[in-house]
Amino acid sequence: MSDITSLHLLAPGEMGDFFALLAEKQVLATKDGKPYYRVTFCDAGREVCFPIWSDATLAATCREEWQAGEFYKLRAELRDTNYGLQLEIHRIRPVEEADREDGFDPLMCAARSRFDPEAMFTELMEIAEQVIDDEPLRELVTSIYEQYRDELLLMPAAQYNHHSYLSGYLEHVVNVTRNARVLTELYAQLYDELTPPINVGLAVAGAMLHDIGKLRELATGPAGATYTSAGTLIGHVLQGRDIVREAAVDSDIDEELLLRLEHIIVSHQRLPEWGAPKPPMFIEALIVHHSDDLDAKLQMMVTAISEESGEGEFTSKRNALRQPVFRGKLVEPKEEEE
Amino acid sequence: MSDITSLHLLAPGEMGDFFALLAEKQVLATKDGKPYYRVTFCDAGREVCFPIWSDATLAATCREEWQAGEFYKLRAELRDTNYGLQLEIHRIRPVEEADREDGFDPLMCAARSRFDPEAMFTELMEIAEQVIDDEPLRELVTSIYEQYRDELLLMPAAQYNHHSYLSGYLEHVVNVTRNARVLTELYAQLYDELTPPINVGLAVAGAMLHDIGKLRELATGPAGATYTSAGTLIGHVLQGRDIVREAAVDSDIDEELLLRLEHIIVSHQRLPEWGAPKPPMFIEALIVHHSDDLDAKLQMMVTAISEESGEGEFTSKRNALRQPVFRGKLVEPKEEEE
Amino acid sequence: MSDITSLHLLAPGEMGDFFALLAEKQVLATKDGKPYYRVTFCDAGREVCFPIWSDATLAATCREEWQAGEFYKLRAELRDTNYGLQLEIHRIRPVEEADREDGFDPLMCAARSRFDPEAMFTELMEIAEQVIDDEPLRELVTSIYEQYRDELLLMPAAQYNHHSYLSGYLEHVVNVTRNARVLTELYAQLYDELTPPINVGLAVAGAMLHDIGKLRELATGPAGATYTSAGTLIGHVLQGRDIVREAAVDSDIDEELLLRLEHIIVSHQRLPEWGAPKPPMFIEALIVHHSDDLDAKLQMMVTAISEESGEGEFTSKRNALRQPVFRGKLVEPKEEEE
Amino acid sequence: MSDITSLHLLAPGEMGDFFALLAEKQVLATKDGKPYYRVTFCDAGREVCFPIWSDATLAATCREEWQAGEFYKLRAELRDTNYGLQLEIHRIRPVEEADREDGFDPLMCAARSRFDPEAMFTELMEIAEQVIDDEPLRELVTSIYEQYRDELLLMPAAQYNHHSYLSGYLEHVVNVTRNARVLTELYAQLYDELTPPINVGLAVAGAMLHDIGKLRELATGPAGATYTSAGTLIGHVLQGRDIVREAAVDSDIDEELLLRLEHIIVSHQRLPEWGAPKPPMFIEALIVHHSDDLDAKLQMMVTAISEESGEGEFTSKRNALRQPVFRGKLVEPKEEEE
Amino acid sequence: MSDITSLHLLAPGEMGDFFALLAEKQVLATKDGKPYYRVTFCDAGREVCFPIWSDATLAATCREEWQAGEFYKLRAELRDTNYGLQLEIHRIRPVEEADREDGFDPLMCAARSRFDPEAMFTELMEIAEQVIDDEPLRELVTSIYEQYRDELLLMPAAQYNHHSYLSGYLEHVVNVTRNARVLTELYAQLYDELTPPINVGLAVAGAMLHDIGKLRELATGPAGATYTSAGTLIGHVLQGRDIVREAAVDSDIDEELLLRLEHIIVSHQRLPEWGAPKPPMFIEALIVHHSDDLDAKLQMMVTAISEESGEGEFTSKRNALRQPVFRGKLVEPKEEEE
Amino acid sequence: MSDITSLHLLAPGEMGDFFALLAEKQVLATKDGKPYYRVTFCDAGREVCFPIWSDATLAATCREEWQAGEFYKLRAELRDTNYGLQLEIHRIRPVEEADREDGFDPLMCAARSRFDPEAMFTELMEIAEQVIDDEPLRELVTSIYEQYRDELLLMPAAQYNHHSYLSGYLEHVVNVTRNARVLTELYAQLYDELTPPINVGLAVAGAMLHDIGKLRELATGPAGATYTSAGTLIGHVLQGRDIVREAAVDSDIDEELLLRLEHIIVSHQRLPEWGAPKPPMFIEALIVHHSDDLDAKLQMMVTAISEESGEGEFTSKRNALRQPVFRGKLVEPKEEEE
């Protein structure tokens, strides 16, 4: 057990036992007509692509047994060749249930949030406890989180675009909830004479549930999130409201308060062409929209800067924002003058 | 009892007993500062507007008791004056519950569909029986119609725009359902090799339920339909899907069939900026969209032509379509040549 | 003669005489610099692509005589190789005029409507006879169809997008005309008090002629339809109205009726950005728009479902609608319960 | 004859004989119920509005005979009253055919171009002679102008928006033609190597005919231009091309040259939402678009500045451009320093 | 001095000395032709409108001396008449310079922020001191605030739309700055590994200066803000950047930091059609945009709710957002159950 | 020295000394794993691409020393091979400073305007002298041109789209200035009664400076123009106004005249979505917009026609206009008939 390593930890020339996903298996042919395979193995941190020639030991197994999308346990040496890194495979077999004890995880190849999902979940539940004063509303929110706890811990926030990695949903929602909380607190203090008063708890509930429909819009798998049929035909905005309404059936939440919560979900994308059936029509809905939109766009900027390896002052336009993002000269901070 | 007539049936100079709505009561003042009232009584076919001078017999009653929006039983003479038709009121009192026996109806002033709502309801139920082959789907549709029968018989299709009169909902839905039925039948015959086959019953179910959310979006009253709070914050597209989902809880309808029905409702306005969270994504949804859009626009044309009294070849642009509608020369049909 | 077969009917290993189009002839070079040709022969049902090496018997003929876009008569064997199906050509010559007697048809490679163009033409003429009551209008429509009979029988409805195969024009127009007829009949019955009455004949005439300008916008050839210069610079909407106006010169059609017919053509794409110089301004024009738009979009859905070989519940977005189309689970119909 | 003056030339207190249009006749009532009339007489430079009391000498004639929209010959005194200028009418009768000899003109109330229509017509014909080298093209243009000479001399360029006064069409077309000529000449010199060369004559022909369809879109009357039915249903862009095609029937103009001319008309409004079925696709079409658009917008600016009497540095937004136009400080030019 | 009261403090029947603006002076005429004036006096809290008959004591003074837009000192009694509140003026004279000692203020009629401008100014300067670490940047910001201190204390944030009252600029900027500060602090902590790090000081500087161009776009007067010529022709986005660049001439601020600050101003309205020449291209610019947009829209909601006196659950659409704002049932908070 | 030729002047089989840019150097591998390089040398008129095999004399130098983007002096023979033209290099070294004496120019590979930049510069300065009557305005314009003379002589007008070659800026500006001059002169004559009069000098100044901000938006290098950071973050519209304002600091130009000049720059792209913060608000601004837009679009048409080698009547849509451009049949001009 202790000798299990990871593909992305192998140094060139090193041999090791590890789990990997056969991401792709392609049939090609040499000039003289001999078919061979090009296979790609990967884990979360490395992708290795190399040929299995028709006269290789593994040729028949490869042709007849290996399947793209399946996980394998390999003993192999990582070799640095003229054509880049390749694997010389000594042993290979499909993973088995028992491999989980050795640390195999079917989500091992997926990118993940750098934050601990349990900690994020806990933070959200604590915020709910602290600031949602209305008891039925608070119970509505927390009961939904408890009910879907397992999925929420893993789910990405989107298929592409932003926070599209494991636990990205929680990462996004924590940010939106923090934003909505501080903004609503500032404005509740400023406009303290309004009737009804600005409701911090309602904004936080809306922030925590604005994207809850992703639970039904997306299906999370080893290859990331994909759209469900209902997700494509109905969409997470409507599906999120469904989840809230289902949970509210046995709740004694005030009718208008529930309606406001539903409206926050329905309007959180602001414009019809951005996906909102209705625009925000009260203050808490407006704040949740801005809290969400800011976080999504800001993460797109961070991703554009991080993922693009160029050294220019701007990224290209090939990112989720479809515009250049400014990096600047990236100079070292000046030494403080004495 | 037999001597109850209607305001709009009185000839100038004639006296009669009738029920009427006090539509408006305005305080004005003469040049020398004496206040007087200008009152408007109406029924579905006539509106009469005249002053109650401060020295008139009814002045005090008018000032202290009469309330705009209330119905009254009057005995009055319709007089033709230099200022148009006026009422000389001999007796007046608020309507009482017992007046219903004499034919009083609080919706008496509202415009109505020229079609019999019971007959339209029956026609829809018969179509459902005939063409919705899938039993759970058929029961879902008919049970919703039975459940909301009373509201559906009265409800207009919209606050303004099209079919905005009593029973306008049924009139619109009958047309959309007929359109969807014939169109789907034509295409089901044409593309009979498709898998799954084009489903006439699904299109008819979608047509019958596409606007069912108006039940919750609008509140029907003597003064026509008004938006409910939930109607403004959520909208009939989402609310209609709610009604279907609630009815489906105890149904054993096929999951995908239900999803298709929901999608027809969600997509029936086609584009986001026209109110559809999702565009039509299969044939029956596309047909329901066109069946609906055609009927709505066509009724706007009919209304523009009927309501505008001008004699020009075009109506003005002041109609729900915001464009001129062509009437043409309206010539008498030519005599057949012998 | 009786021994003429078709390329797509040959079984692997079979030899036969057939006509085929040389769709492509590409010069390539082997690694050691020797040029060779890769040629593609096809008929309507099969495409075969293979090399002619520089030392092959046919090498010189291929280089000097064969021309892409020309038809040939071949005697060849269909061979199944490691590189897929190839032809071993025994004899080859360009087709000659006399080959038409053996069934050669220059449109043999083009996709075709699965409906018989003669039958569709006849159906349209019969509808015109039945429902266009106004004699000059009926003669206008039928005379145009008679005049352009040969082109109409062959013409596709568009270069891409929908019904873009031989006789696609008639297939589309038959559908639009059927739609327009049933819809207008429904509404003519419903609004029977209008002046002038809703005119079924006008709607049918408009449906039959709405795309007639494609006669001048597109040129139909072996490789499908291409835009003419006038088509690109003026467009079928305007060109269709031209055809009607030219035909009306010697007609005694009522002036307003002709104007209405022209307007139906001009407005059938509804919005300026969809290609309509004017929006529909009367009922028959509105109905023709919806009849046309529905048929075009519906055929795009059918094509997306049919052409894309994937097995998912949705097609991709790479189709004329640029959106996914829902196929569903495609389950076998359940057995009827006894 | 020599004693005929004009309404707008009368000084307060002066009496005179003149022709005027009864622009409006309204029935009003005094507080005590007596009906009276308020009438408005006008010519091109003045509008006078005053009451005809029920006890006035002219009361009966006014009520029974005077008709709004008709012209009258009056002998009247212009009086300056507390209620503004009024007419004390001494004699009045409808104008007669013979009054034309005394200078009566049914278009006397309409605004006119400040340029002489005959001179503008002549200028256009001279430009055509000078720069349209292709003889059939030149004859096509000039024959259309000769054929519609009378209408063209009077026609406004639009109902509202720009050059919406008598002979406004010619004024606009002269400007567009001058613009197109100088611009095309500049570019023909610059890009003298193009095949085919830039064609100044084609651009001038396009400029002269780009709006020729207004002949059929608008009907010119005493009250300005109004849309014809065909104008509303088809529009001047298409109707202008009709006029060109009709004139070309007996011409031996080169087919491609005619197509280019038609395209200039079809594309001169550039974008679909601005009214162009096709965008400009060659240089001369592009130049005619800019020549036209510049002149239209520039005249809107001039009109906004001239018509709005305010003294601010900007006009309001209530003009055809729907934006403020900058006047500036309008300071007197500084004296030249010595 | 101590006997100076305010117009809006007078009770009906009370007499007092006060300053008021003659907001309007209109010439009207009685039925029998006698001219009279209708005058409107107001202060910040009340508007009184009444006639000065031609035979009144003040008639001549009113006609010849009083000027709309001027301030007067009045001794008058507030009387409650059939026509509403009126003033019986005993003494009246234009205000004099010396009246300032008695509390006269030419901005007395203008609406004001409910916050103390000095306190808001101080808060902003303190935030700048605390969080703008870069010394040249901090000095740039504070020096601009010091330079324009007097105007900034009074200036509204806009002519209409939001914060359109005295000191509205500071109120809006304080909110935007608070928003930007808390949001940037949250994200700086979250993405602490970025190079360069997220710069709270830059975001605060951008928030404080994003609308600084209003100093030149608007001119503040007794009647509120109006656009300057340069404001209309150039706009505050560009003018604000000018102010920053002018102040930077003698600063040794880092070139890239200055560029980032300029970009925040240029991009703060996000989209071209919302007024931004460039979209936000780095994180601080994105945060300032959302901080600003949220505050502007939120204040429009507050204003819509406050200004519209209706009692419905929604405001009308006649507000700066052009949409209904939800008030809800406005029920009293429920008593806590024991 | 006199024996220096150019790469694009060499005939196949000819040897010569010349300067060339190493535009690309790519590492590839043969089937058996041996790496080799594919290099591309070019000058302004020819591009040659060929392999350097691993066993070639130059292999090591190529691998270790040659750098893409650098210029070299070569002695080489141009050989016509089966794989197209290749170079057989006899000698090669990087260019040296002294090579400039032999005619080396680092911009030698860049496309250039076919007009002489000095002549264009002179023409613009002469126009300024002739038609800008206002002395401070004239000096402002000419001093800016003198100050940036060297950059202006070389600068392209854009990175892509139009006039995107060396001296393209001057070529574009000369055209815009000529257009603006003739158009303004036509309208100044037409509307000679306006106050202030139409100002030809202002329009010419605006035309000469409308794109002056490209000096800061773009950086011109051997590989064409690229965006500067400030160019991307701020944009040439704002940067051009900066240049004018900086130059105006020491000028005694009239304040309103300067404001008008700034507005011409700010508004020259007309609509927000086309890049203009404000629309043109006076006549000279409107004329500069049209003069500029026409020249840019017209040059795109010329480029589309010239660059695309096809023989069809239309170009493809792959050009800066994203639409087909009509070439026509390109027939020889007919012989004049005798």
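First chain written, first letter: the chains are A, B, C, D, E and F, and each begins at residue 1.
Definition applied: a contact is a pair of C-beta atoms (placed from the backbone, for glycine too) under 8 Å apart; a residue touches a chain by one contact, two chains touch by 3 or more.
Just so we're clear, the structure is a prediction, and the values are computed from it rather than from any experiment.
Hey, what chains does subunit A share as contacts with subunit F?
Shared contacts of subunit A and subunit F: C, E.
If you tally contacting C-beta pairs, which comes out ahead, E-F or D-F? Let me know.
D-F
Pick same or different for copies subunit C and subunit F, depending on whether their interface residues overlap by over half.
Both copies, subunit C as well as subunit F, present different residues to each other, with under half of the numbers appearing on both sides.
What rotation angle superposes the Cα atoms of subunit D onto subunit E, in degrees to the nearest 5?
120
So which of D-E, A-F or D-F matches B-C, with over half of the contact pairs the same residue numbers?
Matching pair: D-F.
Quick check: how many Å separate the C-alpha centres of subunit B and subunit D?
Centre-to-centre distance between subunit B and subunit D: 45 Å.
Distance-wise, how many Å sit between the C-alpha centres of subunit A and subunit D, to the nearest whole number?
Between these chains, centre-to-centre, one finds 64 Å.
What residues in subunit A touch two or more of the other chains?
Only 31, 229, 232-233, 256, 260, 263, 281, 314, 324, 326, 328 qualify.
For each chain, which other chains does it touch, given as pairs?
A-B, A-C, A-E, A-F, B-C, B-D, B-E, C-D, C-F, D-E, D-F, E-F
Considering only the defined contacts, which subunit C positions touch subunit B in the complex?
Touch residues, subunit C against subunit B: 175, 178-179, 182-183, 186-187, 190-191, 194-196, 256, 260, 263, 279, 281-283, 286-287, 290, 293-294, 297-298, 301-302, 305, 314, 323-326, 328-331, 333.
So in the complex, which bits of subunit D are touching subunit B?
29, 31, 33, 35, 229, 232-233
Name, in rising order, each residue of subunit E that touches subunit B in their complex.
It is residues 31, 82-83, 313-314, 324, 326, 328 of subunit E that touch subunit B.
Considering only the defined contacts, which subunit C positions touch subunit D in the complex?
Within the complex, subunit C touches subunit D at residues 229-230, 232-235, 237-238, 241-242, 245, 256, 259-260, 262-263, 266, 272-273, 275, 277-278, 281.
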